[in-house]
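In the two assemblies presented below, chain A is common to both, partnered first by chain B and then by chain C.
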Partner chain A sequence: MPFIPHTESDVEQMLGAIDAPSIEALFDEIPAELRCGRLDRVPEGMTEMEITRLMHERADADGRPLNFIGAGAYEHHVPAAVWEIVSRGEFYSAYTPYQAEASQGTLQVIYEFQTMMCGLTGLDVSNASLYDGATALAEALLMAVRANRKSKSRRILMPRSVAPVYRQVVETICSTQGLQLVELAYDPATGTTPEAALAEHAGGDITAVVIPHPNFFGCFEAVDQLTDWAHANGALAVALVNPVALALTRAPGEWGAQGVDICCGEGQPLGSPLSSGGPYFGFMTCKQALVRQLPGRIVGRTLDLDGKPGFALTLQAREQHIRRGKATSNICTNQGLLVTAATIHMSILGPAGLQQVARASMANTRKLVDALVELPGVEPVFSGTRFHEAVLRFDQPVRPLIDALGGRGIVGGYALEPVYPELKHCLLVCATETKTDADIDTYVQTLAALMRPASAA
Partner chain B sequence: MTEPLIFEHSRPGRTAAAQFPAGDIDAAVPAELARTSGLGLPEVSELQAVRHFTRLSQRNFSIDTHFYPLGSCTMKYNPRACNRLAMLPEFLSRHPLAPVSASQGFLACMFDLQEILKEVTGMKGVSLTPMAGAQGEFAGVAMIRAYHEARGDTERTEILVPDAAHGTNPATATMCGYVAREIPTDANGDVDVEALKAALGPKTAGIMLTNPSTLGVFERKISEISKLVHQAGGLLYYDGANLNAILGKVRPGDMGFDVIHMNLHKTFSTPHGGGGPGSGAVGVSERLLPFMPIPVVGKAADDSYRWLDEDDLPQSIGRLSGFMGNAGVLLRAYVYARMLGRDGMHRVAEFAALNANYLMARLREAGFDPAFPDRRASHEFIITLKRQNKSVGVTATDVAKRLLDHGFHAPTVYFPLLVPECLLIEPTETESKEALDGFIDAMIAIAEEAEADIEQLRGAPYTMPVRRLDDVRAARQLDVRYQPEAAA
Partner chain C sequence: MSDIPQDLKFAESHEWVREEGGGLVTVGISDHAQEALGDLVYVEVPDVGAAVTVGDACAVVESVKAASDVYSPVDGEVVAVNEALADAPELINSEPYGEGWIMQVRLADANALDDLLDAEGYANAIADE
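Up next, the complex of A and B:
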């Protein structure tokens, strides 16, 4: 069912205009010995009715568990209007706004998005988005290397409290360009990066310092001290933030004496459904002075021939289709549709709504933690101030508990031990504003019932 | 008529309160962390937001509203079922780290998609994780690098790239720590094999090729190129930008390519979304299997599915995204692939080629010059306005902008860089003959206008929300965020 409109008479007329005897003749420049056969391993085509049934069966098999997990992807309520509008064909099936006059809708959305991200992060310039939070961090570090001309080392101080998968992605993308990641230990009591971890690097050639906010354990770092330390040591300060947390906390542009230089993060909590990990979008903002090093598309407001304001892609001289091998990045697409969703999401929530979502998520996670630590064999691990995630230590391995909870329709959290061996039997949990008191109770009761045999053993 | 910025609709204290958690919530961050500035978000009602963004949507051309023959971008119909079914609530609410036991439905879709893509490309393994074509390219070249390094072959520092290649190719080579070396194209649009031979040597890590090339023609000497590159110890990278042209006709694996990326947002019809999300799955030959980016979906002996990660692929180039790439896009591609099925795959390339060759023949008959008049078009072709530019001064931009007034999105212009005043036209298989005929009529009318009144043409477009925009001003007087104080 390939969605082809041609009638037999169309084909006949078209071949006549081409002066070709058959459609097959159009492929006569391909050497015969290279032609492929029937593609036997591709199944027969399906009608929409048939594929609908199949996809419903597959979806039903997975069900809709109760999520008490975050670890980089957060379940938030998304107003119905957001995806109703995003799914309009005019947004959904348009492409990159290369023809600006016929793409003013998409371009204005991106300009509004850029304005919102600058506002949230307290910085001057935003790009039109990157693939996701992890790649945004990688791109931010490559940008820091270009921007920090005084530093020759390409050494990046990377707290161990940054999401392990983000550190892996940075390694994949940046290792071919000679970046060296130096790990900063966290304080086992607070779960945050102590100034002492930085001390041994003072006076050394450091290109940038990454500052997670909150960090992977859900704790807020000492962002002012870290930012000031970076600047005092000739390094750029790169913030890695959850945008929802910024509704309640000081903007990265105001951290320390001068503010951070670059801010990036995962945009998923702003209107992207969990959707198995994507599509999401990464965002990046920076100080004005660094704009020419910023990767990805940027939209600017300008004037048309009649002096009327309009929007266009700008500063394209940075990009691969102009600079080719000398471009600031090979990035071509952004995540336009998700940016559209985020812009509508932020517009509908507004400042009061985003703050309320942040507060409710914090409060629910606190309720969850308070209830869980009442269970025998469960204790909190870190004392640092939390946003909406927390680390709990169990008196037994957590993997079997997660699996058992899964069988009861609950995604119970993220097992930390495989990525942090020192965090034996530790679980990272999260309860966003989407969880009710009854949900929290269900989780706690189910877990309590599952733990009993292990505790008794 | 302009649509004000959403910020201009904002009034202090206005909210869409039905959308956020109710009540007084007892939660605050310590004073030293607390927000001291505003959030910079608008304060509007839900209706105001809905109306504003609906109006903005109406200021776009899109596949659903206009013929969109943007060369190299495969702007084919995006079946609505793909969107609807990828957005079933169970798929939307599935957390990426949910236990595998509660994810068998989703994983089955991903495994099936891997198998289908392997079959249509002739590759031995597929990883779905790259999030866009450019990231697929990165993964591909990183695998080439990993392969050479694993063999202790560390002297290879160059990636060969034809001069007609997409800009992402040389940018990717650079990102992977290679020097990109350009190979010229001959007069018929094929790679200059003598120049290739001269460039190949112990420094060659590989070559990046698009076939059909960005010139809209099939690279006829591909088998010879493949042999030469392999003899020199290099690997062949296939840029899947133009896979739509050959789907079901010839497979990159059979042409000798070692690694490919596919643009699922082109060939497999996932939405372009105003510039993303894309999806750049990679396929590999036998020798690159150990290096695939993780995670990949595997199937156990008991027919259950699971993630393959570092433990299964210890030589992997690593992870490219926070989770497993653009999963929702992959679901859309899967639905599309299942609807097409085996026979549908063959028909995609057939009708894409029929439409392209028909358009080229008719435009040629109308007095336009194909860049490669002696070649078959693939799924796209190039018209050059070099002659008309000399005679009446018309540019590719003029034609592109005037097409908008006629209700057609413009083709790709000024790419590939080596053809002067070019229009790269890709109609795709989903357009009807009537749509193509309408486009041809518009092109004829524009050519006549160029002869009769070039000034009128240079002023186009006239019917869009804005007229031609001042790009120089946009770059020099940078205005990339709304600042009410500056606007006043």
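Up next, the complex of A and C:
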């Protein structure tokens, strides 16, 4: 579907038709003091030659480091076919075309995506994606407030084992809507949320409980107990998951006696490159009973006038263009292109392939951790099964080590102390299926050479 | 021409009120309103026990085209809601003044209905639309 900019004569003709002197004049009704005027920080346009050179320079600055950091964005192998197909003209567009009469292919891809996400999460309905994982969690909690009408408190139990940036985004989006986030401590031995942390809230009015799985530390939470606790206390259970881990873990729709009510997460591990932090996409699925509170676009399958199957947006009555301020969400971004990539990625991998990726990532992280804890001055922090990330404590500050590794072309991990002061000298490391034994060895040997010996500490 | 029963009171926002005696009223949306909305696919009713005041958005009626708020025409407490609408929202289309009722409210002040329109007033109001 082509997107052709208007020519000057197109613009003149259109202005003539509505008898307006200029495009500028169309904005007259906005009071002058509300307009930002000149955008001083937006640079002038560049030529193609200039921008190509600039982007090459930026790409060179990134280099091709050996990457052992996860912390919310994960380096996975993306089969070459994925973006080859995504960049076909039929898919490649800055805007997702939704007109059913012109976009059956695009709509079918989104429908297939929704079907796959329902399958992975074990829930009934999926939307067409959201902006990213963190905003998906914020949207899930706003949805929980709308859906849990018995609860009046708008209190959300939020484990500290949820990624700190996610908690910040949720705070930013939800605090202005009267939601109150109550932190749940994690068990310092296991890195997971103990039932004891919930106990003090029993019998109180709680709207929803967030259950990260795996959590920010890579640990698997006691999802059945947390889900059942939420339901026993009149709260909705909101799962925050890694879609690759879902290939190995039980689906959130099967957690506890009734399954979670809403599931969300970051879709980047499904076919999106790391790309300096974005664009990524968020996903969200829920039980059928909550579908009218599910934010964002939903594609449905239907029959046309001739009785042939077709696809169209459905359940739009509560969306922004109809409900305005009362819509289920006013962040209507859906990342159509990345969803297309994810759908193709999952199709190429298949359930067995996705499981292989998850297994290999988990095994590589275990190898990495086993090798690192052999080094003097490095020890694991949390016991228990982990997915493809682990927290290690060093006998010295980790920031200088991360910097020194960076100088040697290795991204060494995520320093936890700035966001978890109690995790002094702690590093979050990750090894996905992209790492070979030689890569892991390079990392361990380089790190060993950089560490200050204990005697000199 | 839509149906406007003579024995009901109306709000300009298209809700009807029927006095049931003993300070109880039944509330729904008018035939004119259901016709304008088209086929209803979902109705969100208030909670029993909820306090409502005039002009409060207390229910949502959703058609394939739009989701619209229903505003309470009276002050009081919701004592019953039409549970049948959960499975059969189309009752509002077929019998807006009967099986398609939305809620029953115990009035905070029995005289409060004086501000509402009578059938003739409502007929004039929608004629001006």
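The working rule: the second predicted complex is superposed on the first by the 394 of 457 C-alpha atoms of A that agree within 3 Å, B and C clash if a C-alpha of one lies under 4 Å from a C-alpha of the other, contacts with A are read in each partner's own complex, and residues count from 1 in each chain.
Note that in this section a contact is a pair of C-beta atoms (placed from the backbone, for glycine too) under 8 Å apart; a residue touches a chain by one contact, two chains touch by 3 or more.
For clarity, every value in this text was computed on a predicted model and none was experimentally measured.
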For this session: In the overlay, answer first, second, both or neither for which of chain B and chain C A:R64 touches.
Result: first
Exercise. Which of the two partners, first being chain B and second being chain C, lies in contact with A:L26: first, second, both, or neither?
Worked result: first
For this session: Would you sort A:H77 into first (chain B), second (chain C), both or neither based on which partner it touches?
Result: first
For this session: Scan A:S276 for contacts with chain B and chain C and give back first, second, both or neither.
Result: first
Exercise. So, A:A100: does it touch chain B (first), chain C (second), both, or neither?
Worked result: first
Exercise. Does chain B (first) or chain C (second) touch A:R41, or do both, or does neither?
Worked result: first
For this session: Scan A:D132 for contacts with chain B and chain C and give back first, second, both or neither.
Result: first
For this session: Please work out whether A:K326 is in contact with chain B alone, chain C alone, both, or neither, and reply first, second, both or neither.
Result: both
Exercise. Is it chain B or chain C that touches the larger share of residues in chain A?
Worked result: B
Exercise. On chain A, what residues does chain B touch that chain C touches as well?
Worked result: 317, 322-323, 326
For this session: Spell out the residues on chain C that touch chain A in their complex, using ranges where they run on.
Result: 41-42, 44, 47, 62-67, 69
Exercise. Where on chain A is chain C touching in the complex?
Worked result: 149-150, 292, 317-318, 322-323, 326
